[in-house]
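Here you go, one structure.
A, B, C and D are the chain letters, set down in written order, and residue numbers restart from 1 in every chain.
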């Protein structure tokens, strides 16, 4: 009989408890285990060396927060059955199971499908493997379950996913300002008319949460060196695909090979279950070991870019409020033309522009409601004397230009 | 020979180093030692039991931050002599030496003088005791020293006092959201044209600092139960003074007695050095032990209120955006009239109103300037895409009504 | 209706939950509230400025650990009724209620009674105030309750009291090595044949706990400057009693006066309930404000010693493995004789010796048993390959000599 | 001009400062960068999911401790030149550069050479690349530098390597008891007669350090599941080598291929610089992606074991004080014989025994000396009243048996 260990050490939360067998069995499943080799923040460790934590750890973290939230809501008289509690736990545990290697960095690159869709597929398959045990989890995940607040805990403006990743990413990057009082916020959760609400006295914690999130975006997730690293990896994969499709032989693991050969759209992915299986064998090591091998490839562009990444000689990047001028781009391209014999088309591997954006609070998507003493929920933006008239609900867009570091 | 210990353990910073003899001698002076028995946050421990840290500890904390700031600025080529460094250290170490027992709670109550004025007097006297050793410290404190940035580190929108107290108060209350990345902010300090500036990339840390400060105000410093406690202590002292001046005998330490007998204005305080000496003998224990004794006093109002405080049966308090209506006040007073035989004048001990306010960012007083890459300082409010148009520079006022808990 | 707040912030544990009304009511009782002004570690803050935390906070901490232990034991199938759970909580919450001001520093000084006896009296009285609600708590405290493990959680080699104070004292002193993995140890608790046992895999945590405790003793609790401070306070109180009993008038609060006038033995204390009431009015502020006043007393010895304490000019102290030689004592006394006109008897206020000791593990008192996989409990000392043959169960004694600092 | 960033965030220490260009340049060298993809604790994350930190981070950590130690020793008047300080920093930064993928797990497996030898080779080569800049670092590393204490800071009973890894591993595993007061220990370092000593008052910190280290060994480094994981990986590599040498084609990265083809002894490794280059291209991703591919290999043993590792279905392992009996081994082997058609020789892939040991304090190798007040160094074991007579200097040996989990 397999020993089902009940407690897992976590640097962030102390101990994470595994409440029962079905949760244990899913944690032990290879598809979750795969996340042990997918770093939560992709290449962010190039800037913050501590940021090597994995999606596996994040999944466990959301499980822990689910335990806390269930305890709080039950203590306030919110009706949650044992089955619903497990549904919530599993929906959170599995919510990132469909991620690519390097998480968001390679989103929609290896397959042209958002990770949530792949998560949905995985949950469906797991529901066959553990017959019927994931019914509620799936409904919660897809927001078809009647108790809407359960979905809101998985995916919303103030979900447990965000609470864990903000805390965890702050912790591992060492950016202490990103720390969020997850325990206080969870203790202030409640349900009103089936919707998740926050007690009014959590107002300042909520403001702090939004500001911390904004800080984490600009200081970590959209840090210019992180963008430069990700763009470099994307260009390398683009080149590798190009070469393979031209008929060149390139080293890669047999799993990765499949996804470089040609673009896989959602339709094909759904029809061919073996593609899903293959995808579920991929982790960071396939990508990284391939790029290392490509440093010795005979294609000049592939080997040059691969060496840049492996040796962390990343693109120069400038992040500005407005796009780079045509002149500036031209000057930089001219420099490349002088250094290399290169087609106009391939110049794009060495000089290119793009943009990124962040929206601290997406009111149109879903507002956060606060519970007043009179039990009337009210939009957060109406309560805060501070945020109401501000730019928090306005997206911020930044433009970047990347160019090769000679 | 007196052993001059060089390192002090601090739960917050690990170790605080004492750089030299003059700093050591001042830490050992009884006027600083007195702060060991003055709690940093007065009666806040009624709400947050951990908040029993002292002004002494805060003084040491600012010394530590002074050490860090000096190191950073020197490494950036800012000219600071050894004497100026000590001046800054001493100005910070001593900046709160003039506080009353219970810190801000009893500001201007025992003497009608702001604590900064008393600090100034103490520094002057210490400069005689340690001849000339506090010249620069005094000039920095009073902002008459030519290098203005030294004063700004002691007192400004982003001074080391604030950095320490926000961090320390967050730590001891357990309100983790108040934590500020003091080390990052200090490492981003610089001096431009003699003024303190912050490097532009500290923008998000600065926003976070301002939001954390705001949170600490509403969640801790102006917490309604804290206000109710302080008001109760003030009413007790008011009654005690009234009775003593009527000729009643009330128990108190001989030190405290002096300050209850009659109001002491700044003029008298300056003229009579023995009053200063007496004041410097006062700490929380004089106030608390007196109020405990007054629980047995024969004056009904004094004993009732004293019992309320000692037993933590505080006033009911309501904190609202607008003042309480005349009707509401009248109803509450009527209740008191029915319960006690009491004069109209004394009703004010049992039902009263007041207001409190907080200004997160006082631009008119002194702006925070950020240093751009082009070396042009620019106002923080012009850099932040987020705070510029908001209410951060607008004072928030709240009205309270307190009434006796029957 | 009184608002019964359910969550208390704690810097150490995050949040402490108050499970129900009776626990809330006892936390609100003035006898517990009194502990807000009794520092956990007496004068230790003279060495570790952070160590100003109170017995009140410690009491709440043990309540929190009780909640954790109950949860763990229930999850392992140990039978604990709701009433027993509350009994354990209350026994822990109240276990230190009988402490004097300055905790252990003044143990048996103001009354000739150990604090546990006074705690017992207080619990009995509280059981009348809250009729019958403390029956089980009392039995657990006095070890007359059949389920012996409940008492062991309150008082034993590995009780929740120790777990909290080691952690809390480490935290506030900043002596990080004293940190104990309280959560791991609690999760490894179990009950076998009615006795508390620890699962075998907690062996290394237990070893670490014992070593941390030993470190805390020598580095904090028995730090030589702490001993010197306490001895100074004891000498001051001895002198004050002497003078009062000679008929001198000395300032003190009316509460303290009672206990200086003459020695109170257990018999008298039990017979005169008003003495108990008086005692329960005492806290640190009575002692400290009195000693401050005594700095101006006309008795040379009292004022000299009081000034020494208030100004932290403590005795010189030497802590050695063997007692100071007669010659050394004589030389030091001679120095005092030359400086002061003083009787031979009173020399003892300025030069004296004593000893202190610590026993890391008291096997004879009560062993710690570990639970093997075969469910046979075995003594900790038999399991540890490391501690078994060592000196951990041997008391260590140190001798000190204190002498006045001229 | 390459931007030489001066501060690196570290979750453990806050900020790590890079003091100058040569240190920066070495941190940027690909051989150090390679450590970003070598996990500090190999497969330990199978037990402690947080333990995914890298050798790169550890290298930076030791650099930080070097900065602290230099500062402390200079402040005590120990003579250290700028060149020696950099020598110490570089020796620490580079001390693990010769590690294999999966660190200690694969020590002497891919090449038959201890990692320290490879580190020595790398330092020699780097000394050519940065001409002469690593002379002192090399001498310190090889203990040929006259100031012996510098080597002792790199490698000894109480070196900075140990201080960092104990702290870092505790932090990331979440095993809080392993935390060591590195800052206190470093502040207590001194040099006497050219040897590193510890001031006597650090005695309790040192005891705590040794106990924490012991705990980390048994609870983390030699955790039975960790041993089982490592043994599984070793068996897989053994099988892969066997198959390749038989002539089978197995997938692996070209870098890894080289080291599977045949055993490489120290002589060959030294003679063929291209082998060193190849080795320096290896990281965890080569091993992991190969083993993943081998889960589909046609060799039954290779694919079975590879699946076990990837799916974390590890060997059963029993860790005991004495070796498993011959009978027990035979029973387990019989079970395998019944399940698989397998040669006697290959049974060893499914059932095998081994042993592991730990020595908490290796007195014979190098004692720790403490500095008394009389400036005479004395062996730690003579000072400690506690450790002197104990088993701390006696090696502990444990025997394990691993068998396949059907």
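Following the convention adopted for this analysis, a contact is a pair of C-beta atoms (placed from the backbone, for glycine too) under 8 Å apart; a residue touches a chain by one contact, two chains touch by 3 or more.
Every value quoted in this text rests on a predicted model; they were computed, and no experiment measured them.
Identification of common neighbours of chain A and chain C yields B, D.
At the interface between chain A and chain D, two copies of one sequence, more than half of the residue numbers in use are shared by both copies. The chain pair with the larger count of C-beta pairs in contact, out of B-C and A-B, is B-C. Averaging C-alpha coordinates per chain places the centre of chain B 50 Å away from that of chain D. One simple way to say how far apart two chains are is to compare their mean CA positions; for chain B and chain C this gives 32 Å. Averaged C-alpha coordinates give centres for chain A and chain B that are 43 Å from one another. The multi-chain contact residues of chain A, meaning those touching 2 or more other chains, are 14-15, 175, 184. Only residues 175-177, 179-181, 184, 204-205, 207-208, 211-212, 214-215, 218-219, 360, 385-392, 396 of chain B touch chain A when the two sit together in their complex. Partner chain C is touched in their complex by these residues of chain A: 7, 14-15, 183-184, 187. Taken together, the chain D residues at the contact with chain A in this complex read 8-12, 14-15, 28, 30, 33, 36-37, 45-46, 48-50, 52-54, 56-57, 60, 171-175, 251, 253-255, 281, 283-286, 288-289, 292-293, 296, 310-312.
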